[in-house]
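Two complexes follow with chain A in common, the first pairing it with chain B and the second with chain C.
Up next is the complex of A and B:
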């Protein structure tokens, strides 16, 4: 499998090299939203004497920068890509090979992230300087962030694949994608850090998977959680990942029985 | 005797398709209630293919050929029936099965468009776990047979249709599959490229002993490659046997072509005149009476006759007759 991944990575780097400008532009567009929220919360914080619910202006900046980095490292677009592949008949050649189509997506995902990570860090550094960010974390926040971001990336990836399998039944899954994106927007900590939203919204947020691949690693990276809470979050991420993997395996097997191999 | 490589028993596939009438009202109604219809694509076909055979799989558009190939290559689950390919149930998609077969579709690409074919080949080499020496040998062979050398290092998107088809073939055969399902492999290619692909398939079969099931709308492909054909229509198997016997069984007539000195005149007493020009005529006569009719023509036309030939009808004509017939062949020739 290592040899397969090595060769897939080489091929994908060659393919991605031709779309590098496009990749960086996508990345730049993806950070507009957190920067807008950062600007809004900074204005609110400044108007209220420099703090909202215990979050200083610098804390907001640190949170949204962390959220931007986490968002980039956990992004997964497989549900959109998969629907396109099914409709265009491009899934069939992959299904004919003794390699699960998921592996191609892993490689594409990794290469995209690798391509765009450095430019993203530059932009984040500029935002950090502009908003006078200070990091108040401990060393173990950084240690905890490593498994947390890996679990978050895997969780976001697997959820995207679970959604993708709906294509086997529905052919078009734009509605589901949009619904999930909107739900994620509400409950993943994008509007505000989850500590600042009403209790009922916190309960929903921590009961759904979205926060576990966005707000949770972002708060850990910002240094905004206790060690106990951080470990608890890791357990939550692992549980959701386990559920997503089981759901995917089930949905994939059932979906293949429905697959009509249209267009191919 | 070797076990069949492809063994199909009462294979059946029913698609469930959504239906909607045109117009805004129908669109709105479909939001609330969707209408579905069942389409029978393959209706209980049974056949088997022995190792090393090259079999033509014929039928008009919508006959169920591609659906059958998709089931045999593991892309589709059947609605009923059984099949094994290389001893595996295809739709279980076991690794050994996938490594042992290929499905090449003339209108579909399996290569990455943005990179040269040679790089895609390296990916396939690892995916199929082809040993280094075998990979080099196979690639050299395919490069020679398909004249790939100038194409290997160009991005696939820059290749012409014919060139792309050649590298697609190589990609599909790099792992030396024991079974190749070829679905319209010469679709859209010019005559010279069609011929080259045909020669390649024949030579590949000779060299590797691979079993090949081929669909094509070009009868030249079938005539050049297949001694045996399977004909399906409306999902039902109409004929399974030698290509030469298909003409004999399906066309109950022979074609007599005569060239005369002077004008043709009325030849309808000899049979059905299907074409005539100034001095040449083509006449269909009952197969069993072809010899007697030809002899009568020689006798009665005498010195007016410059040339005469008795032939089976062209295979295209026979196939067209099968496809336009609603009756199963068994009934038609009973």
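Up next is the complex of A and C:
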């Protein structure tokens, strides 16, 4: 398996090298929204005399910069790409190979994140300076962040794949994608740190997977959680990742039986 | 008049095309409800913690959001589907067919293709504007409405001239989708008044990507923060922008080498 992955890695790096500018541009999309909401919350915070519900203006900056980094590291576009592959009949040859299509996507995903991470940090540094960021974390926040971001990235990736399998039945899944994106927008901590949204929204965020792939790692990286709370969040992430993996295996197997592309 | 009639013809053909995929059509409208609904929810969450944001009240913010979707809807209804085809035509060398037709080419390439379903965005945006207006509660005078309509028109034309300029670049660089992607990434910033942003972003939103002006100016007009001098300046700026963009377009056409040229 390791040897296969090494080969895939080399092949994908070569493929990705052709689209360097595109890769960096895609990054813009993950940066611009957090910056917009950061600016808005800064305005709100200033109107309220420098702090809102325990978040100071510089806390907002720390949160949204953390959110940008987490957003970048948890990006998964498979629900879009998979639909395209199914429609174009490109899935069939992939299914014939001995390796599950998922593995190609894993490598592609990792390479994109690795190549765009450095430019992202540069932009984040720029934002940090403009918004006077302050970090109030402890060393263990950073330690906790490592498993949290890994779980979050895996969770987001698996959710994208679960959604992708819907293509087997529906052919076009734009609407489902939009639904997921907009609910994520509402409940994953993009419009506000989850502590500031109404309680009923918090309940949805933490009982469904939304909080666990974006807000949770961002709060941990910002240094905004206690140790117990942080560990509890990790458990929540692990549980949802487990559920997503099970759901994917189930949906994949059932979906393949439905699959009827050209040549399948 | 002739151009209006042609535009009607374009719209009805595209409508027939779109109606071939009826299910998709309705789902797109459903998606738009989701998008606008969640955007309003975001503003509501913010205003649970404050009554004003840089001097903007909640009704004014709703109004602004309505204007944002109104402009986005307008641009996505006509200009962006048309311009997408232009870039394809330039790449494939099939722009020749457009050039041969006995009409103004700039008109043709800007309006030939419509994404009819986006008209729903216009309607929804308008509904949000009206809801915002009712909430603002003050009497909106004739002058204010006129200021609003004018600045909205100028705003759309500003965005149009930028898009035309970007598309024109395809004559020299062939692939400009990436530039357009930057533009779309920035448009998202239009959902908040341009004055909340830090200076570097405000400058780029008002000059490089005029979406900031296009959205904020009409909302300002309704809120009574825009005077005639402002609108005249905006109008003058728009005229200059459209002039420069269409000069650039004619320049670009001259360097076009089609499949048969």
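The definition used in the following text is that the second predicted complex is superposed on the first by the 262 of 264 C-alpha atoms of A that agree within 3 Å, B and C clash if a C-alpha of one lies under 4 Å from a C-alpha of the other, contacts with A are read in each partner's own complex, and residues count from 1 in each chain.
Just so we're on the same page, contacts are C-beta pairs under 8 Å (C-beta built on N, C-alpha and C of every residue); 3 or more make two chains touch, one makes a residue touch a chain.
Because the structure is a prediction, the values reported are computed rather than measured.
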- Task: Report for A:227: first if it touches chain B alone, second if chain C alone, otherwise both or neither.
- Result: neither
- Query: Is A:39 in contact with chain B, with chain C, with both, or with neither (first, second, both, neither)?
  - Reply: second
- What is the contact status of A:125 with respect to chain B (first) and chain C (second): first, second, both, or neither? neither
- Item | Partner chain in contact with A:97 - chain B first, chain C second, else both or neither | first
- Query: Which partner does A:257 contact after superposing on A: first (chain B), second (chain C), both, neither?
  - Reply: first
- Item | Partner chain in contact with A:185 - chain B first, chain C second, else both or neither | second
- Looking at the overlay, what does A:28 touch: chain B (first), chain C (second), both, or neither? second
- Examine A:142 and indicate which partner it touches, taking first as chain B and second as chain C; both and neither are also allowed. neither
- Message: Tell me which touches more residues of chain A here: chain C or chain B.
- Response: C
- Residue ranges of chain C touching chain A (in the complex, touch as defined): 24, 27-28, 30-31, 34-35, 37-38, 41-42, 45-46, 48-54, 178, 181-182, 185-186, 188-189, 191-192, 196-198, 200-201
- Item | chain B-touching residues of chain A, taken from the complex the two chains share | 3-4, 6-8, 10-11, 14-15, 18, 89, 92-93, 95-99, 256-257, 259-261, 264
- Okay, in this complex, where on chain B does chain A touch? 15, 70, 73-77, 91, 93, 95, 98-99, 102-103, 105, 108-110, 112, 114-115, 119-120, 122-128
- Show which residues of chain A lie in contact with chain C when the two form their complex. 21-22, 25-26, 28-29, 32-33, 35-37, 39-44, 46-48, 52-53, 130-131, 172, 174-175, 178-179, 182-183, 185-186, 191-192, 196-198, 201
